[in-house]
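In the two complexes below, chain A is the common chain; its partner is chain B in one and chain C in the other.
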Partner chain A sequence: MRTARLSRPDALRIIAELLPDQPIILTLGGTIREMFSVAGRRPNHLHVLDSMGLSVPIGVGLALGLEEDERYTRVTVIEGDGSLLMGFSVLSTIGLLQPRKLLIIVLDNGVYLATGGQPTAASTTDFVAAARACGFEARDVEGAAGLRQAIEDMMTTRGPVLLRLRVGIEAPPTPYFLEDPVVLAEDFRRWLRR
Partner chain B sequence: MTAASAGDTDPRSQAVIDGIERLRPEFVLELPSSTLRAIIGHFLDRPGVRTFPIPREEEGIGILSGLVLAGRRAVMIIQDNGIGNLITALATFPQAYHLPMLIVTARRGGLGEYNSMIHNVSERTERLLDAANVRYFQLDHRSPIEEWAPTVVRAYEFAQITHRPVFLLVNLMGG
Partner chain C sequence: MASVPDINLLELITQLADDEDIQHVPVGREEEGVGVCAGAYLGGKRPALLMQNAGLMNSCNGLTTTGLQFGIPILLLVYYAGDMGDNAFHMLGLVTEQVLQGLGIKYAVGRNPSDVKKQIADAMSICQAAKRPVALLLTRDVL
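Let's look at the complex of A and B:
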């Protein structure tokens, strides 16, 4: 039986709950606003407000930079299908560098949701096969139980790993997230080196 | 072994190498130019520094940003005709979030350039960076060779002091 698609806010709630003390990089405004609405402002969350295609590269750098820091076992990037496609070359870089703490969770809704729901190329792109072809592990996960299980598995699995979860296209109304990015970066850095 | 370790490194490239070495980098991100062969070759051969290629300049800006957030010492080395690729990434992340970083950028275009279309971007590098409100310093025929290595260090320090990305434009073609 096919599991019903999770909504993106429900997926975000699960990720925030299961990774309360590990760095999480959040992609773009829609995901950030929804995370804020379901989990509040968390010190372990880095909000990448407007850099489409850059969240995964930032995660690669952070995962490499924290490789020797035993407090952090996972650097998680929550990415969308559109943003991943904009910076798709990073999959190849991940295969080369093998940042072992990197976990990418692609919340794939198949559209550019924030701009009106125009389709991305995700419907004809197999992200899992692409990641594997670049030299690292990836798998599809389904539903709340599948997401929970996959994240728990990842806590004891050597990365890099990409998880692809298809999510719905509901867009619950959320207020703008208007904090100063300088403050966002400094808060995150202080949390990292606390 | 690359050409860089064969003892035939030109004085300008050697000065840039010496300057970057003084930064004690843990990571060097590189996207080659033929003019950067000696410098990149040095770091590819260098034990203790993790040197790796980036396929596009904006991806390098992202990885460099993550390393900076983690508190690591890193430098990116590119050529100037890739500046156009990275402006949006630069403006929306490390500039907006105040992340210090040094991007050593080899000049192309101008006298001695053999590639006709490269001028279109390379000769406008300063204007592109000015338009993006990015600080840069320059090393070329006007700079005494003994100033090159210290300027690499000062440019890195300038980025730290001003909490922003800084470009060091180095002319390795004789201009």
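Let's look at the complex of A and C:
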């Protein structure tokens, strides 16, 4: 029997728990709100409020910017399948630049959940094969134990790495996240430079 | 400095690749460059994005929802295709300044090679002070 898919809030809880002092970039939509409800406002989280397709490029820039900063071993981007597809060209850029601290975790629910659940092209797109074809390591992970193990493995593995985890489509009610974006970005920048 | 090439940026990009003081980040699409610049700024760098004005059009959402909304200083160095005297991309030339005005992005036009060095420094300075993207449109005369 197939294991039930991990829910997105459960996946986010695990990621927040395992990476408490490393920068995490969160893609727009439910991911931000669900992370806020499971982990609260964390100084190491950057909330990419409205920029669909740009979470991974922001992670690339940050991983390059923090290349020499030994406090940070990992720049993690939590991306969705829809947003990754919107900015797909970045996979080639990552293959070219090889930002060694970059970890991308694709929480793939196969739909544009925030807009009513329309299917994305994820069901016919092999994200792991695409990342490998672009020149960097990637793998599928499954369930809570698989996600934990993969993140722990990544602590000692040189990036860039893409992990793809299929998650469920349940969307727990969460409040809107209405903080001032300038404050969010500045708090994150100051936390990084503390 | 992130970049997407244009034939008129050839010399500049070649120099960029050889400059040890500047990290050159070639990207596949200009809006990607906006994201890379935002991340680099948060990581403590002073980012710039070199592109043609077609790329400025490609970047409008990123400039709005990341650059302006987060208050990220990004120096936009934009080849001004379709400007007076430039026979390619005339429709782009027609709308470029209005798009920048519409986005509320401060800009200057570099027309004179002897002025452009100061214009770049001035644009970078106001960009850092205002914590916003600022654009310098570079005509063929200065490139």
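Everything that follows uses one rule, which is that the second predicted complex is superposed on the first by the 193 of 194 C-alpha atoms of A that agree within 3 Å, B and C clash if a C-alpha of one lies under 4 Å from a C-alpha of the other, contacts with A are read in each partner's own complex, and residues count from 1 in each chain.
In this section, a contact is a pair of C-beta atoms (placed from the backbone, for glycine too) under 8 Å apart; a residue touches a chain by one contact, two chains touch by 3 or more.
If you're wondering where the values come from, they're calculated on a predicted model, not measured in any experiment.
Applying the stated clash criterion after superposition on chain A shows that chain B and chain C collide. Using the contact criterion defined above for the overlaid structures, shared-chain residue A:117 touches neither chain B nor chain C, since it reaches no partner. When both complexes are overlaid on chain A, the residue A:65 reaches chain B and chain C alike.
Within the superposed three-chain model, A:172 lies out of touch with both chain B and chain C [touch as defined at top]. The residues of chain A shared by its contacts with chain B and with chain C are 46, 48-51, 53-66, 69, 87, 89-90, 92-93, 96-97, 181-182, 184-186, 188-189, 192-193. Within the complex formed with chain B, the residues of chain A that make contact are 46, 48-51, 53-66, 69, 87, 89-90, 92-93, 96-97, 181-182, 184-186, 188-189, 192-193.
Listed in rising order, the residues of chain A touching chain C in the complex are 25, 46, 48-66, 69, 87, 89-90, 92-93, 96-97, 181-182, 184-186, 188-189, 192-193. The touching residues of chain C, counted against chain A in their complex, run 2, 23, 25-29, 31-45, 47, 61-62, 65-66, 69-72, 131. Residues 27, 50, 52-56, 58-72, 74, 88-89, 92-93, 96-99 of chain B are the ones that touch chain A when the two sit in their complex.
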